[in-house]
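Quick one: structure below, then a few questions.
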Amino acid sequence: MRAPGGPEVSVGDVLLSVDDVSLSFGGVKAVSNVSFDIHKGEIRAIIGPNGAGKTSMLNIINGFYHPQHGHITFKGKTRTRMQPHEAAYGGIARTFQNVALFRGMTALDNIMAGRSLKMHSNFFWQLLRHGPAMHEEVEHRHRVEEIIDFLKIQEIRRVPVGRLPYGLQKRVELGRALAMEPDLLLLDEPMAGMNLEEKEDMSRFVLDVNDHYGTTIALIEHDMGVVMDLSDRVVVLDHGIKIADGTPNEIKGNQAVIDAYLGVAH
Amino acid sequence: MHLIYQIFVDPFVQMGSAPDLLVQTLWEGLVAGVLYSLIALGFVLIFKASGVFNFAQGIMVVFAALTLVGFYEHGVPAYLALALTIAVMFGLAFAVERLMLRPLVNQPDIILFMATFGLTYFLIGFGELVFGGDPKVMIASQLGLPKGAVEFKMAGGFVSLQKIDIAAAIIASVMVAALAVFFQKTRVGRALRAVADSHKAALSVGISLEYIWVIVWFAAGLVALATGIMWGARSEVSFALEIIALKALPVLILGGFTSIPGAIIGGVIIGVGEKIGEFYWGPLLGSGIETWLAYVIALVFLLFRPQGLFGERIIERI
Amino acid sequence: MFYREVGQYKTNYSADMSVMPLLQDRVGIGIILFIAVVIIPSFGNAFFIQAIMIPFLVFSLAAIGLNLLTGYTGLLSLGTGAFMGVGAYACYKLTTYFPGVNILIWIVASGFFSAAVGVVFGLPSLRIKGFYLAVATLAAQFFLSWCFIRQPWFYNYNASGAIEVPTRTLFGIPITGATASDTARYYVVLGVVVAMTWLASNLVHGRIGRMWMAVRDMDLAAELIGIRLLRTKLLAFAVSSFYCGVAGALLVFQWYGSAEPAVFDVNLSFFILFMVIIGGLGSLTGSYLGAALIFILPIVLRYIPPHLGIPIRPATVDHIQYMIIGALIVLFLIVEPNGLARLWQIGKQKLRVWPFPY
């Protein structure tokens, strides 16, 4: 499952690189001169205390915020200003800290909405709901059902998502992101607000997405256990600056990281 | 070529050649603007304190004026009628809070907006039933409002300012100042601003929503009464006034939905813009452009500054 | 018990995704269509058809149009009356210039003019959201109303300022103008409205409906999954205005027979908006239910007191009508803010488990 367009990037190569990116809102510097890269096929964790700029970083990769300085290179193409839908078409999908599902629609419709960028039948056939339009609906429904099976949310297909418990909502949101067949999946605190059992389920899903679909994953997470177990490499931000970058074991012992989390003044 | 001349040169030549007319038109615009802003003020009050866009503000103006005149016509002396009308507006605020706002707490804004539509229709029917549909004369002089005009010569002609208009401007300014102070400096004002931000959060810190809403709708009712008196004194009191309330919308766009000074400034800009536009550019397009000019001005404004002159910038966090 | 879905299995996705998967729904629609096509024209009297059924259908179509924009896409519009007017006047001018072409073609074509105007006034929706957008649509409403009154070209320089519908035929039967019979006009309106409802239903159940609802629910997230906001919003304006335009043409050509510009004023916009809100935002069924309630209720109110023998002056009845409608709107919003459509859904749910309570 790979998004079309862009040069072939094989496993191990750099899929996305963030080069010297800085972002401020008025006087507040959210991100300052941060550089790191993400290799294809890996699970990259972005961690740091609250307010470190992690979500802002994801928003920049997504095209939602535009950095004042620096640029992003994705699949070999460098860009400074990118619109969110361009990121989507390029193969970047994302979930949100506060679940950003379409509350008026069912779980099935939400995930089908994720297929929007792959559906092209024209307006005339849509009016008739016949021919190419119907053919397309069925074909994409097959794909969506695969995702529903994968995430084990068959029973809640027709439930309006506003009525689902939080854990299931996060799963549906993951499904919607997967429906886009992204090259890079950005997960913003996917385990937030979950109990142990839900976290284990979600961790398994994240690992399966990476294994089964080969999707590269960038993940913001506060639970250290999850980060250590799931990720291949970790980048640590604090007050908008990168303070460490390496494998989980390297990070665990890094004094600067420990200081940042314990709040030692520096 | 001739058209360009007509649009961009002619009107200004006209303005220059008869400055007394220009001043007169400006004054008319200012007066209309003050009245628009009074209506807008009522909207701002309620919106600021409850997040509700009160479509019924226009009909409240008419209703207040009719009640006042109604009492007087039944033989009640002018000032007592005024006091009684104030009591009626309080009663209305109380009823609205009890019957409409309380059951609808926490509903999305559009539902509350539609509810004020229902209130409008109800008050129209009720008002016509009780007072009859004929236009009435406002008891301006009985309330001590001045009559006649002040005239002064200028630039070869003369300009005539109605005293009632001057009074209206003064009263409006006083009200705005008082309300601004009220919102910023008093405890109740702070509570009002809290409620406008979030009902749930305000409740959780112990602010009584019911009490706040009655106060704010009563305040809006007082503003409506003042507006009704002023409008009625200039022309007559009739249900046609209700549609004028829609004009307050462009005022709110310009001034921001939550800014009290913005309502005044927005009102003046719209009022002056309309009158000048109608007088000098109107004949070019066919008269009556007053009906839509304000909206187009507001629309152009929105394209460049979606939150209005004074409104708060809407920042969406994801 | 009556509405049980048990036993109705679908074995392929296209059956599962059909618009009416349940047999009971299909039977229900069949019955309704039968009543509409056969029973009503045969047994309904002229008053019923002319003053109730035709306008009900016309308003339902307008309500569907507005619902597509406001209910499905979340763009509040107060310009419905003006867009209906564009359709009506477009149809009038088209048939004036080309009287030989079948009027049905012009009724449908007038929708395209409305759609174009709708797109122009919808352009601000990229920058402006929510309530502010409603004010932009008000600008459209007042400007277009002014055009209809002040630009004599629209009403063929007629001295009265009103437009008079000429006689046009279909297969030799007059369907517009003074000679057209109620039944003929009824069938035309019924045909157009049913066909366009079917098309709207197809749209909202497919990709485009999902895109619209995504924009309504969270447009930032919609953008991030690849939905192009401006295109989607403009499409909503276009389709919605198309429907309103056709409704406007039908209103003048099949119901009134003539029109003054004041018909398409801001009160009409509010009228249709009430129908959509009371009927249910985001529901095609709701558009019909809302139109029925808002349009038929005043008529019922007007005729009940004389029937009950209560002596009331007509003016008083009017006032009481306003009061009752106003109070009903508030009451309705308190009891069921999602409108009649939701009540209908709850009703179906009860039918599913009847005679058990849950």
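Letters A, B and C name the chains as they come in the text, with residue numbers starting at 1 for each one.
In this text, contacts are C-beta pairs under 8 Å (C-beta built on N, C-alpha and C of every residue); 3 or more make two chains touch, one makes a residue touch a chain.
Owing to the predicted nature of the structure, the values given are computational and were not obtained by experimental measurement.
Visitor: When every step has to jump to a touching chain, what is the lowest number of steps that links subunit A to subunit C?
Guide: Minimal hop count between subunit A and subunit C: 1.
Visitor: Among the chains here, which has the CA centroid at the largest distance from subunit B's centroid?
Guide: A
Visitor: Using CA atoms only, can you tell me which chain is the most central one in this structure?
Guide: Centre-most chain by C-alpha means: C.
Visitor: Compute the distance, rounded to whole Å, between the mean C-alpha positions of subunit A and subunit C.
Guide: Here the centre of subunit C sits 41 Å away from the centre of subunit A.
Visitor: From the C-alpha centre of subunit A to that of subunit B, how far is it in Å?
Guide: For subunit A versus subunit B, the centre distance works out to 49 Å.
Visitor: Using the average of all C-alpha atoms in each chain as its centre, how far is it in Å between subunit B and subunit C?
Guide: Computed value for the inter-centroid distance: 33 Å.
Visitor: Provide the list of subunit A residues touching at least two other chains, using ranges where the numbers run on.
Guide: 64, 96, 100 - these are the residues of subunit A that touch more than one other chain.
Visitor: Find every residue in subunit B that makes contact with two or more other chains and list them.
Guide: Touching at least two other chains: 318.
Visitor: Which residues of subunit C are in contact with two or more other chains?
Guide: Only 220-221 qualify.
Visitor: Looking at the complex, which residues from subunit C come into contact with subunit B?
Guide: By the definition above, subunit C touches subunit B via 76, 124, 127-129, 131-132, 135-136, 138-139, 142-143, 145-146, 149-151, 220-221, 266, 270, 274, 277, 315-316, 318-330, 333-334, 337.
Visitor: Using the touch rule from the top, collect the residues of subunit B that touch subunit C in their complex.
Guide: It is residues 53, 99-100, 103-104, 107-111, 113-115, 117-126, 128-129, 133, 243, 246, 249-250, 253, 257, 286-289, 291-292, 295-296, 298-299, 302-303, 306, 314, 316, 318 of subunit B that touch subunit C.
Visitor: Would you mind writing out the residues of subunit C in touch with subunit A in their complex?
Guide: Counting only subunit C, the residues touching subunit A are 12-14, 16-17, 19, 199, 202-203, 205-208, 210-211, 213-214, 216-218, 220-229, 235, 282.
Visitor: In the complex, go through subunit A and note every residue touching subunit C.
Guide: Against subunit C, the touching part of subunit A is residues 62, 64, 83-85, 87-89, 93-94, 96, 100-105, 109, 112-114, 116-117, 119, 121, 123, 126-129, 133-134, 136-138, 141-142, 145, 176-177, 180.
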